[in-house]
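Dropping the structures in below, format is structure tokens.
Two complexes follow with chain A in common, the first pairing it with chain B and the second with chain C.
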Partner chain A sequence: MMYLTEPSLKRVIWNQYLFKMTALPGLFTSLILTQLAAFALSLDGTGGTSIGFDTITVRITHFSGDLIFYFTLMWAYIAGIMLTIRQYRNADFFFVTNRWTQHLSTIALLLTASLYAGIVTPLLGNLLRLVIYWSHPDNVMTAIAPRPGELLLNLLITTWYAALLSCFGYLTGMLAQLNRVFVILIPALIIGSVYVQDSGGILTAAIRFYAGETSILLLSVKAALTLAIVYPFTMLITSSLEVRR
Partner chain B sequence: MNTLIGIMALVIVLLIAGRIINRIVSFSGRRAWLLIGGYLLLLVITVPLIYLVPEARKDVRRSEVVLQAERANNAFISAIQQGRLPPLEHMHELSSWSFRYGQPELKLRSFHWEERVQVLVKRNPSLGQEIRLTWYSTPYLLLEYPYDFTHLLALPEVELSDDTLIIRNLEMRMKKELIHFLSESHMHSFTGEDRRTYGPRVMWGQECLYLEVPEHLRIIASDVMNLIFVEE
Partner chain C sequence: MNVIECRQLSKSYLRKRALHQLTFSIRENTITGVIGRNGAGKTTLLKIIAGFYRPSSGEITVFSERPFNSMKVSQNMIYIDDQITLPTSLSLLDILHMAGRFYPNWDHDLAARMLDYFNLDPLQHLHHLSKGLRSTFLAIVGLAARCPLTIFDEPTTGMDAAIRKDFYRALLKEYLAHPRTILLSSHLLHELDDLLEDVLLIDRGELKLHLPVDELKEYAVAIIGDRELVEWVIASRTVYHRQQSGISRYAAIIRRDEDVLEEARQHGLEIAPVSPEDICVYLTNQTKGRIDDVFDRTES
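Moving on, here comes the complex of A and B:
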């Protein structure tokens, strides 16, 4: 069969990616809402200590962007799952598409969203520090600004973690598309892993594999390799699915 | 059981968050993109702002406050060992008292006395019928801030009753609120920080009660008070 225009694979993926970016701003606005919720919860401090001297009690309130970070990871995982549900997958069929282009454009969207999350998460931590600084003018406090270079490091780490979590979310969602049994099996596996974590469960080992890393270069290699394995694996196991069902 | 409750709570949060995301993802339009861009812009502005505030970075180790406190402590210990009054330039004068007193003998009586507080006695011929007390301390510091909280120390009550000078250490407690900004926990493996060491580090001050008395006054103190007679 002959066509007037022969769409290249790159062009199709790019068009689908642009379409998804335009049609799904909710992916990003949901991140903003999630982060604002974490920000509001962090305003009261993320912990504290009290120490007593002879006649003085000093109460120290800790502030950090931890909650914002963990909420962002939670968002990334759920966002990965949500992009696999039928409502969003079917949006691809406005274009010439197949299973591969559908996957690749969604992966590009998830990576873009992870980069956005990686940028805004440490910066929201900065805003938290500034708000605390301005709202507590009479309190004595430690240095507000992160050390030089720490911000960039935080940005890279958060981006990789968000990319990993959204990738695992995407795998989870796709497995659930493959067979509904996974909807029950995956949470059961996670709960089971948590239960045996004291004796070195697989979830603990997996978290240590990434979180125990001390070099950003090695973390980047580990995360990039994981993405390079998990995404193709996801595409492979779902290749037998009908394009549209 | 706690783990299970935690997991169930997490699952519920995930489900609710999922529903919220589901509802919002179908929302589109220019306003949403303005929000996304505006949010990023607002946060990018925090980068120069956070480094511009006066409390942005503190090099605590090189801080003049900490260096002065170290000098004051060293000078204090050295002076006490040599039996003289420590140099006053780095010490806080917390309080002073003065009494008219004409008797040949003075008893010192204390309540809740802390043995670490040195009592330095100086015989001063020019005093005549007067005794003077001054409470000195080198700085007490919380190092991470660095915060000098010497002024928060509770001062003793001093009263003269007949031939007895009564020094009563107060047990009142004062509260101070401080703020500690922590780096995010996922950064610690990279920065080498250990959150277990986040308890504040304290540089303890050295305190002394400087007692100036007429030249021939005899002083009788309880055993807990360590009197050091200074010459200069």
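Moving on, here comes the complex of A and C:
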């Protein structure tokens, strides 16, 4: 006689989360590769000017971790999309899950990945400063040492941005799973809004909404609220999506 | 107790009708063969039972719950087919450990011993296995999970005859030691009639019959003899199949009916049993005429 077992949601979500953490190491290695590429590109400086007098030329080169930051955000967006592809979702359903526990465990994974990005990115930015300091011994350097609290602040900012971008990526991917039209529609919307010159573009408005925020507390509130709206919305619209097709 | 209950269950895709008005129930602790031709709707039915697909209309309950998005069904059910792709980073052993985390009745010892018996290296990866070994591995997971509802969708794809026999034997032993409800789909009853208790025959999305194998063995008979005599005896009965083999040897397969049998005996006609496998083939024959007719256009 085989007895039916009553499932515990918490346990299933935890198991699914562990399954994804073990099964998808590529999620984390891809971030390392992305950041190494950004790191290499940043070594030449991200911008600069030359001012020439009679016999003296002053060359100012900016070095910053910005490129690493932007690459990280791009990675977060793509990671969100990747986790929605059919093969991954089918694999979840090889084991015990329903659509809710599947979403929740994936969201937990994306948040973990965002925190990981939040920790690594500022550290890499500092490493960049050191490498440049050592490799340009004759030059005048400013702002080498991080200001107190700067690391923690950068950690929070990067984590929130990565969480936001991966959340939008997840929504994008799920929309594409619902209807193939979105595969064309979403890139068209994003690119289209970049070309809208007046401030009417969605993207411009969105960037202003988050990036224009100078208080870390308010940014946290805005980001947390966004996640609390977009994720449940994604879960609702895909609650009847069929799997293992 | 019934584990699965379907009432008027239908499923259609954009243009195609996949399942039409299926009504049946599956008792607890039985092995049922879901038999049908390619494209008959077996997989669609099994995936609705598993909660992967949503029915278009009608009712379905598994363990008294609607399976779609049901946690209870997912936890007490395992669905094995050869379509699944698991993350390539996982070794066979990793997959077994994962399955052990999810399925409460998981028997890791059994899985490990079967892996060893079939010479599967636990450190190998699923996507490196051949089709047959892949099916073997997935079947092992299906058995070791010891789920109250175990669904095998064409589990023996690619397995050679020896492995297939071993699998059926393992399935039977496991079932006897730990009874559970098993659904096993196949396009043929071949090799299965000793294993199955019930047969659910589907044809073009419709339920043709749902019978114990023992009754299926008695379901139809072949009346053999001179063509005209046979036709005269079976007049006005539904004939599943007619076959001319040799000049004076003509066979007609009909539903078993004592009146007809009596009359056939009086006329000295031969009566032969029809195997369950053949009945299923005759009941689901959807081709127009025979394959011979495609090549032979002069005969009408």
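Basically, the second predicted complex is superposed on the first by the 232 of 245 C-alpha atoms of A that agree within 3 Å, B and C clash if a C-alpha of one lies under 4 Å from a C-alpha of the other, contacts with A are read in each partner's own complex, and residues count from 1 in each chain.
Keep in mind that, in the parts below, a contact is a pair of C-beta atoms (placed from the backbone, for glycine too) under 8 Å apart; a residue touches a chain by one contact, two chains touch by 3 or more.
None of these values were measured; they are calculated from a predicted model.
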Next on the checklist: So in the superposed three-chain picture, is A:Ile186 touching just chain B, just chain C, both, or none of them (first/second/both/neither)?
Outcome noted: neither
Item to check | Dominant toucher of chain A (residue count), chain B or chain C | outcome: B
Item to check | Touched partner set for A:Leu18, first chain B, second chain C, both or neither | outcome: second
Next on the checklist: On the A-aligned overlay, A:Ile32 touches which partner chain: chain B = first, chain C = second, or both, or neither?
Outcome noted: first
Next on the checklist: With both complexes superposed on chain A, which partner does A:Ala108 reach: first (chain B), second (chain C), both or neither?
Outcome noted: neither
Checklist entry - Is A:Ile78 in contact with chain B, with chain C, with both, or with neither (first, second, both, neither)? => result first
Item to check | Partner chain(s) touched by A:Leu203 [first = chain B, second = chain C, both, neither] | outcome: neither
Item to check | chain B versus chain C as contact partner of A:Leu178, first or second or both or neither | outcome: neither
Checklist entry - Counting only touches as set out at the top, which of chain B and chain C does A:Leu155 meet: first, second, both, neither? => result neither
Checklist entry - Residues on chain A in contact with chain B in one complex and with chain C in the other? => result 22-26, 87-88
Checklist entry - In their shared complex, at which residues does chain C touch chain A? => result 29, 47, 50-54, 63, 68-72, 74-76, 79, 81, 83-87, 89-90, 94, 98-99, 101-105, 146-148, 178-180
Item to check | In the complex, chain B residues that touch chain A | outcome: 3-4, 7, 11, 13-14, 17-18, 20-22, 24-29, 32-33, 35-36, 39-40, 42-44, 46-47, 49-51, 53, 55-58, 114, 140, 142, 144-145, 147, 149, 152-154, 170-187, 189-192, 198-200, 202
Checklist outcome for this item: Per the touch rule above, chain A residues touching chain B in the complex are 22-30, 32-34, 46, 49, 51-66, 69, 74-75, 77-79, 81-82, 85, 87-88, 116, 119-120, 122-127, 129-130, 132-133, 136, 139-147, 150-151, 153-154, 157-158, 161, 187, 190-191, 194-195, 211-216
Next on the checklist: Under the definition above, what is the set of chain A residues touching chain C in their complex?
Outcome noted: 1-7, 9, 12, 15, 18-19, 22-26, 87-88, 90-91, 93-101, 239-240, 242-245
